[in-house]
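Let me begin by handing over the structure; questions about it come next.
Chain lettering (A, B, C, D and E) follows the sequence in which the chains are written, and residue indices restart at 1 in each chain.
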Amino acid sequence: MDSPSMSAAIRALLRRDLLLAYRHRGEIANPLVFFMIVITMLPLGISPESAVLGSLAPGMIWVVALLATLLSLDSLFRSDFDDGSLEQILISPHPLYFIVLVKVFVHWLVTGLPLALLSPLLGVMLFLPEAGFTPLFLSLLMGTGVLSLIGAIGAALTVALRKGGLLLSLIIMPLYVPVLIFGASVVRSAIEGFPIAGELAVLGALLAVSIVLAPMAAAGALRISVNG
Amino acid sequence: MAWQWFYRLGSPRWFYEKTNRWIPWLATVTALLLITGAVWALGFAPADAKQGNSYRIIYIHVPASFLALAGYYVMAIAGAIGLIWKMKLADMVMKSAAPIGAALTFMALVTGAVWGKPTWGAWWVWDARITSMLVLFFLYLGVIALQGAYQHQATADKASAILALVGTVNIPIIYKSVDWWYTLHQPATLKLTSASSIHPSMLYPLLLMIVGFYCFYALALMFYTRAEIVQRERRTAWVNELVGAAK
Amino acid sequence: MTSSPVNTTLLELKQLTCERDQRCLFTGLQMSLEGGDIVQIVGPNGSGKTSLIRLLTTMSSDYQGDILWQGQSLVDSRLDYLNHLLYLGHLPAVKKALSARENLAWFSGMSQGHTQLDLDKALAEVGLEGFENVPCYSLSAGQLRRVALARLHLTPARVWVLDEPFTAIDVQGVKRLERLLAEHAAGGGLVVITTHQTLNIPGIKPLNLLDFQADEQYYENAEGWHNG
Amino acid sequence: MDSPSMSAAIRALLRRDLLLAYRHRGEIANPLVFFMIVITMLPLGISPESAVLGSLAPGMIWVVALLATLLSLDSLFRSDFDDGSLEQILISPHPLYFIVLVKVFVHWLVTGLPLALLSPLLGVMLFLPEAGFTPLFLSLLMGTGVLSLIGAIGAALTVALRKGGLLLSLIIMPLYVPVLIFGASVVRSAIEGFPIAGELAVLGALLAVSIVLAPMAAAGALRISVNG
Amino acid sequence: MTSSPVNTTLLELKQLTCERDQRCLFTGLQMSLEGGDIVQIVGPNGSGKTSLIRLLTTMSSDYQGDILWQGQSLVDSRLDYLNHLLYLGHLPAVKKALSARENLAWFSGMSQGHTQLDLDKALAEVGLEGFENVPCYSLSAGQLRRVALARLHLTPARVWVLDEPFTAIDVQGVKRLERLLAEHAAGGGLVVITTHQTLNIPGIKPLNLLDFQADEQYYENAEGWHNG
């Protein structure tokens, strides 16, 4: 018997996950809306002055992007686990690395990418200086990819546990520190007129490393979760 | 044959019986080191020119800080051994290392804060080293929480080992980035001065304390691991004999 | 399906021992499963049927003894084995937001592509004609399981491992499924099944787990290497 | 037949939920840890200077308390829904109002209360001026109660939906605005030396109103969710 | 149990019609259920058994016609009815983090208190002796359902509504349960049950839903009721 084609399997998974995302399109808007709401709460809780907000904007937008990603991570493998699809995926003969990568990619496509696309609007709302807009977009584009990838490890580790949401935050947050620091400082450097190529390169390097390593760790974690 | 010792090391029973004999010695050495160090540090080392006596807290703060970091690597390496060679004992060591490391990290944070109050006039500052210590503390908490969350012990061990390993990859990155972040901000007003400038009369008791803390760490790890062994192997014949003998 | 000679040994269980929570479920389990066999794992609740199935599907490797696939230990031949395995578990692995057809398309993509006509035919075979496009959350318990069962009509896999496939299936459905299993066996396939219902298939081989219980619950030697 | 005693039923539920919280005690610490982590991320994203942080502290701590509550809300009824307990609760003859109240109380006990107790530590880390500590504690103590109560409505409305987490945020966030405004301004007023009795009284009033109304709304929402 | 005369009419279904997704499941359903009856709802998958049960347990009120409880419409007599109702659904309502005994204690507290001795006796009755203190996540599928079934040995309720209670239960267990149902009926109780297995209880009354189908399935094309 021919062994089943891997590319076909990956395409089937990609199609299914995109279809699911489309069916749940109401929920796709949620990270965005969450993002927007927190951004509107901040002036309420802190100060509505444009000078204050403008100086906080880079860090604030990044912290909130991080939270929004975190919130959506829990469901990355959860529904597959709950209905038994994950068992089926694990005993399929295809390398788990690529399967995780596909799932993370879809996750980024429906959370990280829209966040990045939405960032100019938020910049306007928080009085971000003009020089910061493109760097904000670029840093979010790459940074959210890293967030999704690292987050997948946490999601895989906690998928078998009920109420994993907050445990997931605890596990993942410390690992997000470098992304946050570099992401926010790209924007701040740009505003202050410094060159940002170096910092963007660091983000790129983080992305490259996590594309290689994170799905591997997540794959191992998935096997353990389902085994237990 | 060459792997014999490694195999035996993998046996909790062997470990339990060996440590039975090590512990009295190690405990004596630890007590000697810590008592000598403490008496020397508190009683005989000279007061600092600028900080007076408050600096003496470094004799706890600095060793605790060292071991907090070293403890993470102990935990991660034990986790890796448990994952790769499926050694039960390594899993137990990893599980035991987490709370000890977290406690030491916590101790470093608290003693640092207590020291900060007279030195900087604030309990807390967002200094690079301090911040990364805090992040390390969270990494520990994550491992502990994950251990506790799984009900099945073998799964808990493997899952937290993966997390510990991912953490090891990240720790250098975190430290580098926090450091870089701090220099970017340059608050410049406050800095932890480097340890090398310390006067020898202050340094020797510090060295004693550091070695003492290492011994103490080993001792604590043994105790924790032994408790873990008894707990996990409670259904085996040899533990039952042990408990029976104790009764 | 590539038809193969009946009566070749496919799986061999060698002195299999499985413990859970320090309780020995079965020990010294010895059996060879051949093409053409239908093996029903029998035993009361909690006797270890599902645990055995998790070993046979490689989802758990927490056992002593050995499982051979075509003469080779599963540890080495895992990938090849998975190419020939189909598993249906307690959980149906059906996405409720997708229709029956979309669910089946994913399954088929993960193993071996099929045309939409094939899919619809398989759905008709399990009595879901007219329900191809209905999202699965508005199917009844039995219909939902039938979506999962439709895979049996598509798969080229030679080894079928089914954990209580008759749950929620009505009398007619059970009869059809029995016929399908018999056909698969006749074509040289192997079926391993658990169910508490008495099956009406001639030549079915029972594997009673009570025959392999430990004489005494011994824990002399739980020390040493942990098989994980 | 005697109709079963309500107080006994409520005690049984209270005991069970507290027991569950105790069994999952690892997760109880999570909102706290989340709280701590976000508070750590802020200086990283924004600025480590004490002047900047001190002025942000009241609003920031409140926004984060709100997020921590929000994150833990999803599981309020979710696990009861998933395993069928919610059905059983709904068809018990006891008034749903009290049952919801008990569940919310347990939720507050394991999230809101610890957050309030932890607030001084966070105040220190964010350089909150000394005058703000007691007001922060008091406002959190009352405010988190309101957050849990209002949150229960959202949790009840979304319990039947998969991936409710973010939808829940969306529904609940706007309702949290008054709590946030008054909570943060209590602290800010205190720092600036204004009297705070009035604002605290408003928080108290919000609490009283939501104790009466929120469980009713949540009870209705639960019936609808399970019915659908 | 307060014993009551057999053969009093407890529930009456009057011209009951139920639709789901615009498809008529049954119509003109007319039956009176008396103390002493064991009624088995019969019908193939998707014929509306669970839907009917949701009406009988007041979880859904989406029907035309009327249901009378002791002569009074359910709308008015709901609370009194619930005092006499015990329902076991597809979902077991068992908390996996709690032990069997703790789960049962909650159930019993929600209806009528029992001593621990009673609870342990009930657990022994369903074959869980020795498993009282094991957390339920390490029970097998059948054992988990047995925890739920143990309620039948404690409840004073007169009306038992059971949706596929035999799922995952072994042969011995099915026999015991059959005996229990017969006893309950003999004591004047009413049992409404769905299952696809043939029950071995003398005097069981079938209620075949196929007898109450709308004359014509007036939905030529399945497109009409695609959307949920």
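The definition used in the following text is that a contact is a pair of C-beta atoms (placed from the backbone, for glycine too) under 8 Å apart; a residue touches a chain by one contact, two chains touch by 3 or more.
All values derive from a computational prediction rather than experimental measurement.
Summarising the inter-chain contacts, the pair of chains with the most C-beta pairs in contact is A-D. Farthest from subunit D in terms of Cα centroid separation is C.
The chain with its Cα centre farthest from the Cα centre of subunit B is E. One inter-chain figure worth recording: subunit A and subunit C are separated by 36 Å, centre to centre, where each centre is the mean of the chain's CA atoms.
Here the spacing of subunit B and subunit C, counted between their Cα centres, is 48 Å. Once the centre of each chain is set as its mean CA position, subunit B and subunit E turn out to be 57 Å apart.
Within subunit D, residues 24, 26-27, 30, 33, 37, 44, 47, 79, 162 each touch two or more of the remaining chains. Chain contacts: subunit B has residues 135, 138, 141, 145, 149, 152, 154, 158, 178, 181 touching two or more partner chains. Residue positions of subunit E touching 2 or more other chains: 90, 96-97, 135, 138.
Touching subunit E in their complex are the following residues of subunit D: 1-5, 8-9, 11-13, 15-16, 19-20, 23-24, 79, 82-85, 87-94, 226-227. Here subunit A touches subunit D in the complex through residues 24, 26-27, 30-31, 33-34, 37-38, 41-42, 44-47, 56, 58-60, 62-63, 66-67, 71-72, 74-75, 79, 162-163, 165-167, 169-170, 173-174, 176-177, 180-181, 184, going by the rule given at the top. Subunit B contributes residues 135-136, 138-139, 141-142, 145-146, 149-150, 152, 154-156, 158-159, 162-163, 165-167, 169-170, 173-174, 176-178, 180-181, 184 to its touches with subunit A in the complex.
Only residues 2, 57-62, 79-80, 82-85, 87, 89-98, 102, 105-113, 135, 156, 158 of subunit C touch subunit A when the two sit together in their complex. Residues of subunit D touching subunit B in their complex: 25-27, 29-30, 33, 36-37, 40, 43-44, 47-50, 53, 124-125, 127.
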